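To keep things simple, chains are lettered A, B, C, D, E and F as they appear, and every chain counts its residues starting from 1.
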């Protein structure tokens, strides 16, 4: 139990995927203009990330390791992820067109969210077991979601602020993300790894 | 005769933002005196430096943004930021530290977002956090209060000496003579001692803690003054201090040898300053009264967590920044119940 | 130059720069730009993959069934990336260690996938290759600028450790800007990366605004009546 | 050599499985129709003026959902662009001046003594806002006229004017407060100016 | 003593009431012209019953309500109608709107009054009709037609009647003076209202800064032994706001979007009660009201009994205004009133106060500083809103969010703007946002309507096309048959003369078209020449050609008409 | 139904085709670069080892390892000690150890010890200390790490093995005492451990390691 708590604290706060590890930045910048969309994206990403974590673990453990072809891990993981995402996308498209449109081009782009492949690769690097992999994937997604949701609420406030023209939009978004990252540095050391 | 379309109301209370800021400035006076009393001329010099550079940067930004300079300089917000920053950094930090700090606070944290009222993060704390991670050496060298190094105020660096330390920085032996760890640092890196042993054996705590208590009391005085003058409300400070007290008491009661006692958490370090002057910064705090309570609780809890398990002995700046970034989100969920509504409009709904 | 290719080039380098405008591929961009050498390394790798994947996708664009379009594209990209990864391990092992997980993560660099899907799968081979090349160069330029900024501010040097990429002779390329620089850690840490990127984007905005002003000025002297694209919808 | 063969086989195996899944899903979860068009159409001003380059608002809505730019509708102006950007999560862009510029709302008035009753304007009006029969003078139903000015051009005797709606206390709007322009310039306002170019 | 509750927020600005209470109510002079806007109330404007040139008697109905929510208008004095049309009216926009202007003859000749002293015996509907005929609209604020509020009996159960005597705004003392001097009128009015609504509980809410009025009312109530609770509430603006007063006196909140009657409460102003008394017992319609004239630019600051329609200028003169010192003219109180730039506008039914303020009294507000979210506005908002958030959203044009923050529950009381240290014109921001939202809604409605019509037209066209196709087919067949027949009939005389009338019209049209074409071409040519474009020679040729053909057409028409006549 | 089958067939065929081709390409690259990569990895690992003990002494240093439990050093799993063997006699050993009480996370060290107990050299393999402060333990940043060279440890009472602030002989860095304190303590502990397990440590192993099975990093545990 303690172990999982540590993994969660570590992935959500200390080594936040977005703000400290730099994974999943494109959706972080792209889908954070509106809190509502951000929440949708968070849910989608949480789902995909956890699932990808599981699938990639299974593929690695039961296909790649036994045949000693671990150097195929990138391509096989990304294939798994792409299929999972595409499948999700088809289902969402059919069942909830609004959600589908809200997430716009980003649902297919979850495939190319670094966080998803990143979590799969880091699971191997950290030699996590099955349960740990799930916890790690979920923690990473939770960290991503938290950062995304807070950031989008913040951006909504900035949207009505009197930001100089040159900085309006992406530039001030980046600066804000930087200050967020600065704030998250406060968590350094909570969990020692 | 009057203009048309002049909207009501046609009268207003004699009240102005600059007056609010002046009151805040006034309220920092006790703490400034206390700091000078215990630590020497350093704080005063830092303050002058910070104020000058902050006003300068503010003027430059206003100029670049083609705003009327005097009109905005008069509102005094840059001065408040400068003073809080100056009083937060070690009194004998080199001059460029405080100048870089003012630059960060005024240019990056404030004017990139559109100036007064628009910044989501507390400028002074952004500057402090940035300085802390960029120049940990300079930012952790607090000098010892005079009660530790001599028996009178004379033991501290004289005014010219202070100037020399801050501006030339060459006088390393001078610095070394004065610097020491702060109580929170000592308690954090206690090297195996129990809390009680630290209190008994380390002079900063056994003899010098009164300096910190005195400074905290001074901040508290200023804070009470601000509440009395209705510049701030009690919500955030009260929530923050009580949650900090609660957490530290609980853990201390559970394991008195490993956790610092509540008096340290409340009375030492930047707690009081943070509670009354920083967590109450209207611009970057949550909006409603309920939101301010949530904000305060968050700051208090984060301060405790980071102080106890994290890497930074005094966590106020990071706690504030973290809650700053959560403030808009808190606002979404703490909207008060308006007249005639059964429930408050919580959550998102701003979309459509 | 052929006007179409010219447009593609300008788009890649400036108007639709993957990093500054599309805000894609941010992860490696921010993560590995602690120094110029990292930036160059990643820039080259990314460009090679971009060109390769654009070429391949464009070649087979008519053969790919719609439902499995994305999986196939990512496989193509992943193949290139793995090949690059293996080659880097073989040739510049130290750099590979520094860039770490971000080499395999080129696969998920949104810019690459984005180009494959949005451009290469709809355009003929030459255009796709030029597009890949220009996007790659545009991306690399931003990488290098950010790397230089952060290295200069953070460590006071430029082009240090170039030997990792260009062999021992490159060791001497290092420029020390300030002797005994104390280091402005902020620039080297994650927050600095974000803020630096923000400043770069703002710089681009500023230049764009200035350019626009100039164009407007020259425009206002001519009077060319705007041709309305109106459609009459009734009799 | 064996490594190569195993690698190919394993990946082939994976691909087969996934191909099956996706092939199945492609049919099972196919989506027909596009409800987003309705939402876009609801945001367009329905002036039906064709300035966007499409014959009416709905065709433009369809075009937008297929990726066309959202800044081609002058009657809707900046506010419609913002609403569309919001709906589709796209960037807000200034109005494309190739399609015209945002103008104050107007309605058509027919100078009745000059009208020759040719019915050309009736045929032109997309919302049937003009009353009259052949060879009789015509009038515009002010409350129905969308101000698209499509009737102006066909009139052979030029008797139709587009006039702004008069402001009365009932339809008067509170203006946004303007502060002393020397003191508070919001960058927001200037941003529009800068981006919007010359207008 | 009933229990007193409290409402959130509120402010206590300097009262400035003493100045206008020095003298008793004075009759205002009869002006030469009375200007009566057709809309002095909430709802639809009234429809005139008179025409220019008519003579009218005092109290004669000159406009009748048009629709359910509307109010009648009566001639406040005898005279003749000289004008019906646009005149400046008291409205925040400063625009003109339709009015009836009466030139008074100084006779003050009353129409025959029809009192209903035995109202208790009457059918309630008849009584209500009588009140409606008297043109009474709330005198306390919005001017809502009173008969509607009194006609609730059927679909609402009213158990509490609240008489609003709070008069919470600074400066205004009209209700205060009324209560001091005519408490009996008020109480009789309340009796009539109570008769109509049959409430179980009657409350009068009055602020504690009017001791004399409290005493007068209390004595009168005691003398009449009426079951009325006189509740003295603390002086705090806006305790007189309907919803706030209800909360103050009963602890009940009126749900957003509904009216007090939904919770069994009706709230009427004391002035309205007095007006009802006059209408019912004396048979006098609402033609005058009490107006406070105050402000330091006036020589006499006191309450006047004023005929509705009296121009402000007349009143100001009568109160000896010093125009050089008058800096701002406000109708209503300083918190909610509207500023006036043209003093020819008339007093209307809701005008309770005119403030001619000097510069020192109401200085121009200093330039707005940025909002620092200090929260002072939030502490005083009686509707428990977040004014600062509303402001940010209004400024950033994020109207959806403003709405989500209950923008439409803002009563525009101005308390927030009063305390704002940054001097932000908050209320105007809200009014702007509300206008924009309403406008947007109207436009959306219009767009939906337009779409419907467009689609209907498309459908019609399609149908017509189909029918045309059908007919064409039939015609083709018919034509084939006809041709066959024609062939059979060998030669025949040509068709008879054409209808000369139609011919003429055709020629006229042709001439007209030719003229227009020519004009267009000339314009184009001129335009082109001005801009110095090339290709003008071609245009010139076209113009020349058109000139000729226009002449020809003109000639033809001329000839034709010549032939005819 | 027909449509479903069609769709499945087409998609499966497409994706498989590409899968086979890409897998083949990668596999070929892998086969071609395999040896070079293995060599690189080996060289990389060995580099630090040979910084402590010159390659001229024993070029097979990185191949001769010995697994030893080291609970005294706070390691849960056995550590892999490298032996430098000259003439069948262990001249020196290199121990991978970890200091846990650094400022922010573990500091992984390699401590080389001559057979007579003198320090041959210390290197930091990886750490997470603050750049500019704690990172002066890296040899690239400062030569503080050389202050261990040739020192010996004289048992528990030896006060020199402390930072100056604690009364020892090692400099602390300005503003950072924790990092050097952690490193000094751990090196001292390692020397103690060496004295205790001298016998085992100095028994030469036969080459157990081959480049194939020893792919891992010395400190990867």
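The definition used in the following text is that a residue touches a chain if its C-beta (ideal position, glycine included) is under 8 Å from a C-beta of that chain, and two chains touch if they have at least 3 such contacts.
Values in this document were obtained by computation on a predicted structure and should not be read as measured data.
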If a chain touches chain E and chain F alike, it appears here: A, B, D
Number of steps on the shortest touching-chain route linking chain A and chain E: 1
Maximum centroid distance from chain C, chain identifier (CA atoms): E
Winner on C-beta contact pairs when B-F is weighed against B-E: B-E
Cα-centroid distance, chain A relative to chain D, in whole angstrom: 36
Rounded Å distance between chain A and chain B, as computed from the means of their C-alpha atoms: 33
Of all residues in chain C, the ones touching two or more other chains: 67-68, 71, 75, 78-79, 82, 86, 182, 185-186, 189, 191, 195, 209
Shared interface positions of chain D, touching two or more other chains: 3, 7, 10-11, 14-15, 18-19, 22-23, 25-26, 48, 56, 126, 174-175, 177, 183, 186-188, 194
Contacts with two or more other chains, residues of chain A listed in rising order: 34, 69, 71-72, 75, 79, 83, 86, 156-157, 161-165, 167-169, 172, 175, 179, 182, 185, 188-189
Complex contact set, residues of chain F against chain D: 3-4, 7-16, 18-20, 22-24, 26-28, 30-31
Contact footprint of chain A on chain B as seen in their complex: 65, 108-109, 111-115, 118-121, 126, 129-130, 133, 302, 305-306, 309-312, 315, 317-319, 321-322, 324-326, 328-329, 331-332, 348, 350-351
Residue ranges of chain C in contact with chain B within the complex: 182, 184-186, 189, 191, 195
Chain A - residues contacting chain B, complex: 34-36, 39, 149-151, 153-154, 156-158, 161-164, 167, 172, 175-176, 179-180, 182-190
For the chain F and chain B complex, residues of the former touching the latter: 103-104, 130, 132-133, 174-176, 178
